[in-house]
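Note sheet for the following structure.
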Amino acid sequence: MPEMSGTGEVRKLSYGEAVNAALHRLMEELPETLVYGEDVGEPGGVFGVTRGLRKQYGDRAFDTPISESAILGSAVGAAMMGRRPIVEIMWADFSLVALDQIVNQAANVRYVSNGRLAAPLTIRTQQGGAPGACAQHSQCLEALFLHVPGLRVCMPSTPQDAYDLLVTAVHSDDPVLVVENRMLYFGAKEEVRVGGAAGPMGGARVRRSGTDATVVTWGAITARVLEAAESLAGEGVDVEVLETPWLNPFDTEAVTAGAARTGRLAVVHEANVTGGFGAEVVARVTESGVPLSAPPLRVGTPDTRMPAAPVLAEALVPDAARIARELRALVRGAS
Amino acid sequence: MPEMSGTGEVRKLSYGEAVNAALHRLMEELPETLVYGEDVGEPGGVFGVTRGLRKQYGDRAFDTPISESAILGSAVGAAMMGRRPIVEIMWADFSLVALDQIVNQAANVRYVSNGRLAAPLTIRTQQGGAPGACAQHSQCLEALFLHVPGLRVCMPSTPQDAYDLLVTAVHSDDPVLVVENRMLYFGAKEEVRVGGAAGPMGGARVRRSGTDATVVTWGAITARVLEAAESLAGEGVDVEVLETPWLNPFDTEAVTAGAARTGRLAVVHEANVTGGFGAEVVARVTESGVPLSAPPLRVGTPDTRMPAAPVLAEALVPDAARIARELRALVRGAS
Amino acid sequence: MSERRLADLLAMWRIRAFEEKVRDLRAEGSIVGSVHLCIGQEAIPVGACDALEPEDALFATYRGHGWAIARGVPVTPLFAELMGRATGVNGGRGGSAYFTAADHGFHGENSIVGAGAPIACGAALAGRFDGSGRAAVTVFGDGAMNQGAVHEAMNFAAAFDLPVVFVCENNGYSELTPIADMVRSDRLAGRAAAYGMPGHRIDGNDAEAVRFHMRDALEVAREGGGPTLLECVTERIAGHYIGDAETYRRPGEMDRIRRREPITRLREGLLADGVPAAEIDAVETRARGEIDTAARTALAAPLADPATVKEHLYA
Amino acid sequence: MSERRLADLLAMWRIRAFEEKVRDLRAEGSIVGSVHLCIGQEAIPVGACDALEPEDALFATYRGHGWAIARGVPVTPLFAELMGRATGVNGGRGGSAYFTAADHGFHGENSIVGAGAPIACGAALAGRFDGSGRAAVTVFGDGAMNQGAVHEAMNFAAAFDLPVVFVCENNGYSELTPIADMVRSDRLAGRAAAYGMPGHRIDGNDAEAVRFHMRDALEVAREGGGPTLLECVTERIAGHYIGDAETYRRPGEMDRIRRREPITRLREGLLADGVPAAEIDAVETRARGEIDTAARTALAAPLADPATVKEHLYA
């Protein structure tokens, strides 16, 4: 029997199952929700994440043509009219054929109408590297969306956050982009508290406490950062790992406080370095005037396209060993 | 009679005329060039910048349907086959309907083919605020493109750079985005040296030397930064203004050296602050470990959409007075 | 019969007088920025909006002043919007190209070519679940027919039988470029067949013809028959935007356009039917009077308050 | 006559044997990542590529292994590419969905649906200036017909009379979704009329039919007549990607598909014409032999060198 509590029930779910559970709950509790996108209806999604919705909610969950502008644009229009569409862009890379509908349309509705109209749509997508994936199916594009005022963005990396953030996103009256990760969908099942009240946006998660440096990270690479941190602990290097699954709003205070406490800052993301959101984090902390005992550090994928051959891709995307090496140098001083 | 010299001829040209002169020269000296886009042929462009090309070069300059994916995609294909297309996206905002062709296509060709194919296209666009312009015609989007490895990006603000950078871009074997500005097109005529050899990419311009702070900037706002710097000079605050019209490649060394010299760093851009390229500049300088006597400063448009009413837009986009105020506080310490 | 035509005339004169006033205000500097007038195209919004119900959703383009007016948005807040007043429909944030007045079933202009078409599909889709019986109308130009988003929207609406009317105002030009040079056939209604939906090429300078076809299309839509494409053939008397030098006009073109334009035509028809000239002219006078008053009222309103400029970015 | 059909059979067997080997290599882990097989669709590339000249440019999709092979790209570097070898056509950087071999007139697969269509227009445009006489071919699926970029490309090519052949492989599905549910009519060739270009719905499981129509379309294109849309009706025997559970298949569907698939059909035709079974079976044996050797050679080549991973981002 699943454990019951005042704020819901605890279930053992993988990340993908947690997304699915959130979608079922949202369809149940918010009759305005619609779920649609390519293959999300009858087939239940190419990753199985929307399974069961079509059967249970009929026309409120459906498949679409391969028409990202129509998917996103119709979500903007339906949201303006009081629906809460949850649409899927199968890979973040594909959003680039229809970015106008996110940036020039969804993000503008509330502001330009002076608050008289709103577009509370949720866009679910997933991104990132996977063994053998090609250059057009590997990019981490969160930085593009984080430069767009009016659009909320989050990037859960745990089953609990996958559940919670999606619930918060769909309850929000703003357009929200939820960036998932296909490598996480089929990960280990974890205990997930489901059914509680929708939480607020924002906030950081202290995934590990430590005193020698504050390492800010988000997305699937969080696991590698934690692995690196554990291995460093064995050497006496003790870093704090702060995951920021909400990137807009971003918890600048938590990050700055962490950096102030430890005196060192690193940001690790899977996206390529130049123009990545890591730059924003570094800029915010250094602007704050917090004294750092070492220059801030960014760890990310070098500025290249993404090769398909695993041996090549692995040479680019930071792994735990490289992350540990760079953090060690940050704490101990460059060797 | 125009002054002649070994490296060309000097002419009095406005920014828009300088772009036009570069296009004429490129059509003349590189038979592989094509110039096309919406209204660029017969009408000579909505800003008159492509005037005369159709008459002079016939089919090599032409109008297109309102089909940005077809414009950009065909430029990728033509470039793969040895042409040097120079295509226009009328406003940078419109690139969002077809970003796929820039990011997933143009930027990938050389890398993914392991150097066996190339896509030497040049994309000309223009961006930024203008009195009364609406939210969908006002954005400064350079940061989006600067997060794309494989794509060169520049942003000239003077007639000479408008000429030189375009010549360099079209001579380059890489895809290059040249971001112009419609407010500059019809500015004052200046002496422009035309006809010299195509220069290399990159480099920074010391627009003003100074000892109290290094102010990095690009685009149309450079003029406001210089105005602010001049007004501060009267108060004894003496800042260096470094314009970086090439943003990829970016002259990190020049910027870091400047910051090392003056001990203070500011970045001013018209784009909104969060996720803007100013963050990257701050990150690069602080990562370098250059000691700064004050926290770095970013000045940009606050994170909002862009309102049409001039009185509202003016309250957002930094003017010389605000820039001066912020730089003064940087140098003198916050008041 | 002549009563309805006089009403059409008034509705068209309201739009034309508005646009002419806008041109004046722009010239004198009370309005700044890019403005796209619909002079010559007034019969389309007048005929079309007459067929709409209050719950229907209308999405126009930057050339949408006439659509806002025909939909019943009061002209004073429209003028105010153009002049950056706090009392503007968008509080000054939208400007000429982004009027929005959802409370009048006017869900916004749009200045990205083609972007309104998918959005309209969504409004229609919402109607399937909210019991409103809503139909959605999206307006765009001939040039927009070549934009990917419009194609996707048409197929999306057709595949799902969404109650959408796609109104293409074919005025022969995309900015400064003739549509005839950009397509093999500029009889654009024919494209509807690609999506299995009906398409009609109609006289866009005849409000009555537009009204008939719009009613018909809406009836089909509300009965579950899905979308229709209406290509409304028209011409703009004004340039693409205020300031357009119109060097692309061919000899005699403007004379021909002026002979065919909807107000002149309707006036001539009314005269031929025996309506006294004075009665007809009184319509123009009345419209101009209303418009003058509205413009003056708008001009007297306070400018948008910069202190509020960061509000409403998020909920 | 039976000679050409035997040549077609060999060409189709090469593709099928390649794809089946890929499936095995993927199962055993020598290939990793997402792979889209074209088993069942071989007649289209075989018929079409036979009509191409060396200077023509071909743009395929992620389901493009067969196109690369039919275009004459040697199979060893294709296997090598799939296995991340330095000797791969892209040095291992492209993988299954991004084969590129410009020196063989194969200008690349593409894994963004519809993106190749505008790019092909550019290759055709270039031919107008470089004296090559080049035509361009772009291949995409039924689902891609609903993507904005394809629409823009078709109009662009038609308006400018560009020598482009748009090859739509209508295999009835977009990933896991039947095209019939996503359009009002899944007879997609009819859409060509929207652009004023010819469109033909042809038997895509008959290499001879594809060859005929491709030749014809290329002739029109080279004579300045502009683009053609060829809807090649086919079915995929494999899933959308390796690993697809194919739960969307209807009862009896796979049996029907197997009866109609091009290799079985051609074999039966040859038998009916009196070609000895042994001669026919020898073709398969020969193809499998070549493929086995190529796969072994590729597997023995060195992996791509990580030290080179940052090269060739810029000129």
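Letters A, B, C and D mark the chains in the order given here, with residues in each chain numbered from 1 onward.
In this section, a contact is a pair of C-beta atoms (placed from the backbone, for glycine too) under 8 Å apart; a residue touches a chain by one contact, two chains touch by 3 or more.
Owing to the predicted nature of the structure, the values given are computational and were not obtained by experimental measurement.
Chemist: Return the chain whose centre of C-alpha atoms lies at maximal distance from the corresponding centre of subunit A.
Modeler: Chain C.
Chemist: Using Cα averages as centroids, what's the distance between subunit A and subunit C in whole Å?
Modeler: 41
Chemist: Roughly how far is subunit C from subunit D, going centre to centre by Cα mean, in whole Å?
Modeler: A distance of 45 Å separates the two centres.
Chemist: How many angstrom between the C-alpha centroids of subunit D and subunit A?
Modeler: One centre to the other, that is 36 Å.
Chemist: Two or more other chains touching the same residue: where does that happen in subunit D?
Modeler: Counting only residues that touch two or more other chains, subunit D contributes 90, 92-94, 98, 110, 112, 115, 146-149, 152, 155-156, 159, 181-183, 313.
Chemist: Could you list the positions in subunit B whose residues touch two or more of the other chains?
Modeler: Expected reply: 64-65, 67-70, 93-94, 97-98, 100, 104, 108, 111-112, 134-136, 149-150, 303-305, 307.
Chemist: Quick check of your reading of the touch definition: is the inter-chain graph here a line, ring, star, complete or other?
Modeler: Graph shape, chains as nodes and touching pairs as edges: complete.
Chemist: Provide the residue numbers of subunit C that touch subunit B in the complex, in ascending order.
Modeler: Where subunit C meets subunit B, its residues are 31-34, 62, 84-85, 88, 90, 92-98, 110-115, 143-144, 146-149, 174-177, 181-183, 247-248, 303-304, 306, 309-310, 313.
Chemist: Okay, in this complex, where on subunit B does subunit D touch?
Modeler: 32, 34, 59-60, 62, 64-65, 67-83, 85, 97-98, 100-101, 104-105, 108, 110-118, 120, 149-150, 152, 172-174
Chemist: In their complex, what parts of subunit D are in touch with subunit C?
Modeler: 146-149, 151-152, 155-156, 158-159, 181-185, 190-191, 193-197
Chemist: Touching subunit D in the complex: which residues of subunit A?
Modeler: Against subunit D, the touching part of subunit A is residues 38-39, 41-43, 46, 63-70, 93-94, 97-98, 130-137, 302-305, 307-312, 314-316.
Chemist: Spell out the residues on subunit B that touch subunit A in their complex, using ranges where they run on.
Modeler: These residues of subunit B touch subunit A: 69, 93-94, 96-100, 103-104, 107-108, 111-112, 134-136, 139, 141, 143-144, 146-150, 248, 271-272, 274-280, 282-283, 286-289, 295-298, 303-305, 307.
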